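Below: one structure, written as structure tokens.
Order of writing sets the chain letters: A, B, C and D. Residues in each chain are counted from 1.
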Amino acid sequence: MLDVGRHPNIDLLAYSEIEKVEGEEGNFKVTVRRKARYVEEDKCTGCGACKEKCPTVVPDAFNEGMGERKAIYSWFAQGIPSTHTIDPNYCRQLQGKKCGVCAKTCQAGAVNFEQKDRVVELTVGAIIVAAGYDVFDPSRIPEYRYDKLANVVTAIEFERLLSASGPTGGHLDRPSDRAIEAEIEALEKKAGKSQKVIAKFEEQFGQASADFYSSFQKGEYKDDEERNKWAEKYKEHLEIVEPLEAMKKKAEGFTAAKRLAFIQCVGSRDFRFYPFCSGYCCMHSIKEAIIAHEHGPETTSTIFGMDIRAIGKGFEEYKIRGGNHSNITYVRGRVAEIQAGPDNNPVVIYEDTKERMVKSEEFDMVILATACAPTKGIYELADKLGIELDAYDFVKTSPLSPVDTSRPGIFVCGCAGAPMDVPESVAQASSAAERAAEIAFYGDARKEKAVA
Amino acid sequence: MSKDILVIGGGIAGIQSSLDLADMGVKVHLVEKLPSIGGKMAQLDKTFPTNDCAI
Amino acid sequence: MPNKEENIRIGVFVCHCGSNIAGYLNMEELGAYAETLPHVAFVKRNLYTCSEGGINEIKKAIKEQNLNRVVVASCTPRTHEPLFRSSCAEAGLNPYLFEMVNIRDQCSWVHMQQRDDGTAKAKDLIRMGVAKSALLEPQQPIISDVTLRALVMGAGIAGMTSALALANRGYEVVLVEREERLGGMLNVINKLGPSMADAASFAEEKIKAVQSHKNITVFTKARVTEAQGFIGKYKVDIETESGVKKIDIGVIIVATGGRLLVPEGLYNYDGKKVITQLEAETLLKQGLDKGINNVVMIQCAGGRTKEKPYCSRICCQTAVKNAIMIKEQNPASKVSILYRDMQMYGVENEELFRDSRAKGIRYIKYDPEDPPQVKDGSVQVFHSLLGLKMDLAADLVVLSTPIVSQEGAEATSQLLRVPIDDNGFFLEGHVKLRPLDFATDGVFLAGSARFPANIREAVAQGLGAASRASIPLSKGSVVVEPIISILANEDACRGCGLCVALCPYGALEIRKTEKGRKVHVIDVACKGCGVCASTCYQHALSVNSFTDDQINAQINAFLE
Amino acid sequence: MCTGRVDPALVAGAFKKGLDGLLVVGCYFGDCHYISGNFQARAKMDFTRKLLKHIGVNEERLAFRQCSSGEASVFVDLIGKFDEKIRELGPIGGGGDRLKAPEIFEKIGTAQAVLAGEKIRWVIGKRTPFLESGNMYGEIFTEHEFNRAIDMIIVEETEVQEILAKLRQGSQSVTDLAKALAIPSERIFRYITALKRKNMVTLEKVSGRSPIFQLAPQEV
């Protein structure tokens, strides 16, 4: 990744979108919109001092919204380019309020609130579409209650929870527990403030609030305006502190998630959504289960699926090793429903096709192996490029020319063409590079020279 | 006629295509929608644990 | 101990990185400290050393102060070392006389709350960097020519695709095939899934293209018997019917394919009534016998076992494809597929799987603990989902056996000094990120030689391997950073070969010299990991810019 | 540069100069930027630990751990724990080790000579292919027998280096060496015979009935 940023032959246009494509193989005219970052790329050193000082907290999209970032941010710590970006939807200054803290902090003078989108014209001989995929939105499957149950997450969200660079620093804290902890933190702040207010009264009257309040409730000081205020503030304080203490007590019992369920084919091999198999999700779940077990050796995982498609190099061996060493149980069956259980524990209702009976089981967390969905932007992009999509909106290719699209000079690789795993994407990427290189190196002479 | 290549998407596939072509001596324009390249793979915990190690 | 003949003059540039370093460490103290270190002739602090102004200061100081070593104490070499190195070069200083000290990522950011301790640590780091820099030696980049000719081993679909791609790019290709006819498996296969294109005509088209291409030289009934050399410069011997050809080669693509396991002794295999999928392809090509009305296919026959633990990836799709073809030739026939998991991954395969169900092909899941029994004219199986013992009539039993490694894969692996895995398939440079490269530069991999691949994957990998292989060809030379191993003390080397055995890149070899057997570093293949240097008991090998003396200087400076 | 470059002799050299602890952190197995260097590093550090322990240095002072560059919190944890351990042990040659300063540094000098020597480096080198035959997901096989052989070699090589060190101070008889090093004289005799064969030691003279040995000139 770093090599891309450094390579003299690569002109990296991040935070940019394709506007328009004209022309044909050997001579495409492409218009690219470079969105304003409000930070000047040639001045920003990526040091990150600005985001330390930025007062506006924003949900972190890189962490699937589970962590926080600032309104001025880098997409992720090692991101290339390291240039920071201001999110105009959150930035106080750009929203017309007073701020500009980042600009004052930046000693390189890189922040520029006046920056505008720029339009770049490129002329290229060939185009490679590597637009990727979207994670299927599992809230479309109401019976899995993804949007209702906090501890039902997608595989990619789980990936961030496992990651040492993720929002939990790699601790397998359940989202429901994290939500309560966040609430505790917020309440503690509030309690701290109200504590200060009543402390002033205590000092003023030389009496502990609790003592005062019990006499106040007995009807004393009814006419004392100041003391009435005190009573009111103290009551407010209690309303914060009491639930806070209860929550704190509850939080003491929080442990890392230990009983995990992985549900395969969420949106894939499902006629309501995508009838195809997404290919990589079986291995993804197995890998996540193995890593979760590495985090906590008492972790147990159950993988619910129809077939476990361990079809890559070393995959079957990995699957078996997971079963033998990482407490993974493979259950053949489709999950019918996920229900709410006690303590925010999701309950999985499934048919065990081997034992031919409906069962239910409670877990600490459920991970949904979501389908590889065609990326939303692909319709518009395919339209601009003039290439055909297949029945599921992946870029159309043929098995005998796997990276050629319907339009000469435009190639596709990776999950934009069909779901596939990393090594296949990498291999295809090289294939597409080869096809494009044939144009780059031969250009007009190509038609006579190329055979088959 | 142009010998430059446009790559759309800065995930693992786009990165690999770009590097192959650039290493061949071809000028590549790599367009990514998000502020940084890396794509889905950068979000993975293991497999891509070593951003500097990998590519 | 610095070089005695040279008057060492070190310039130290301490970067504030805005407030990233200056906010947490005492910069005046660091600057003053650097001035006290041995050989330091010049010290400068910059707001941003990487800015244009900072770079100009370095260049100016090199010239005006006659600096012959430069140390920058700043962020991290990961992002900035290339910039500083090239700046030194622009000012006429050999770029390998530059040393970087990381006082941001590994110091100021780690010790934000410990100003004094952080400053003390930064002093240690600077002292160590300065001590090492005094011992640095100039290096020159290593450039080696590349012969503009590729060798492709194996003329199956992957190999032919690679050969054509490279030939179309204008490179000479030598294509070596063991059999008489090009095409490999394509010659046996009936239809190509999932589009059901005719394999023979596809093969014919490709073979013609290969044979008529002016850039491709084809050797059939031939094999590679010798391959000496390294990326860009291989000397290859090809044994053909008309004698041994000696050819200079720049890059090599291994596309030797795999072969189907013949299930001798399994499920009463006899090659007539109990056959393999490949034999079924031949039958289907000829047209299926009218008398065959009941066909049973058994998946994972000899695969996913203790001996062959891997899933062979493509047998399920082959079975489904052949089942559909049987149905097409005899719509009244009954076809059952006995399986463990139906590995119909992806869009097209799953589609084919659904179609096959619609066509009435029956799927029965069996338990490997209780495998099917092939009898004369029938197959008994326990349907593990229905919990039923079934007796299926069978005029023909087709066993889906795994693709196993090609005959001679081991010999090829030794010939090219590239590894094979536990299952006998070639082992790529990185399972995820470098699927078509070997760890050894200049050798590439495609198709079922790597792992069982279907037609789409074989074509893609063939093209991909061509792309990878074309990189050194299109440059015409290989340029390598000179931070590599060197035989620093030739007299000490005894030619024992321990280092050769441990080198992960095949970058070392023993050569006969006038002084006896000595190790030779193939500089363009070396990545500078240093394993050889830390292993050599004669301390004959060293690594440029990481010599024992340089490392010791850092250790001594630290423990001062 | 890879952790595989960490030369055991350099490690011993650093301890000899007063280093209190060394943590070598490499990539995970199967994820090594240099393919297999981390296996080498582990083999080398394992061996060095054993040797340090044998000569009287607390082996916790040297550790090999793994972590990826994306795992800041894991790294912090590794460093934190190691730092704590070393603080607990205190300065080298203090209470944390079997031997005390200055004797400990003399012994580490012997260890350094062992680690720079031929036999040991061969053995460590050959051990690695053994470790590598673990599969690509890092499953490693036990090497009980191999380890026993290594234990023996450690004892022998250390004793040989000690003899050489003593002889470096002046020629001695087998009996004197045996007394000074607390090693049975028949073992000393065996070593001396082997060293003589390699022309590393020669007979200086016979004093009374005791042969007196000295270092060969090139070893001095």
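We adopt the following convention: a residue touches a chain if its C-beta (ideal position, glycine included) is under 8 Å from a C-beta of that chain, and two chains touch if they have at least 3 such contacts.
Fair warning: this is a prediction, and the values are worked out from it, not measured in the lab.
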item	value
Longest centre-to-centre distance from chain C, chain (CA-based)	D
Selected pair, greater C-beta contact count between A-C and C-D	A-C
CA centroid of chain B to CA centroid of chain D, Å	45
Cα-centroid distance, chain C relative to chain D, in whole angstrom	35
Rounded Å distance, chain A centre to chain C centre (Cα mean)	30
Inter-centroid spacing, chain D versus chain A (mean Cα positions, whole Å)	48
Chain D: positions in contact with at least two other chains	70-71, 135-136
Per-residue multi-chain contacts in chain A, two or more chains	2, 78, 82, 163-164, 170, 314, 317, 422, 426, 428-430, 433-434, 437, 441
For chain C, residues contacting two or more additional chains	78, 421, 431-433, 467-468, 470, 474
Touching residues on chain C, where the partner in the complex is chain B	78, 432-433, 467-468, 470-471, 474-475
Of chain B, residues touching chain C in the complex	12, 20, 23-25, 47, 52, 54-55
Chain A-facing residues of chain D, complex	70-74, 135-137, 139
Residue ranges of chain A touching chain D (in the complex, touch as defined)	78, 163-165, 169-170, 314, 317-318, 321
Contact footprint of chain C on chain A as seen in their complex	2, 6, 45-49, 82, 105-108, 269, 275-277, 279, 307-317, 320, 332, 353-354, 356, 390, 392, 394, 398-403, 418-420, 422-424, 426-431, 433-435, 437-438, 441-442, 446, 449-452
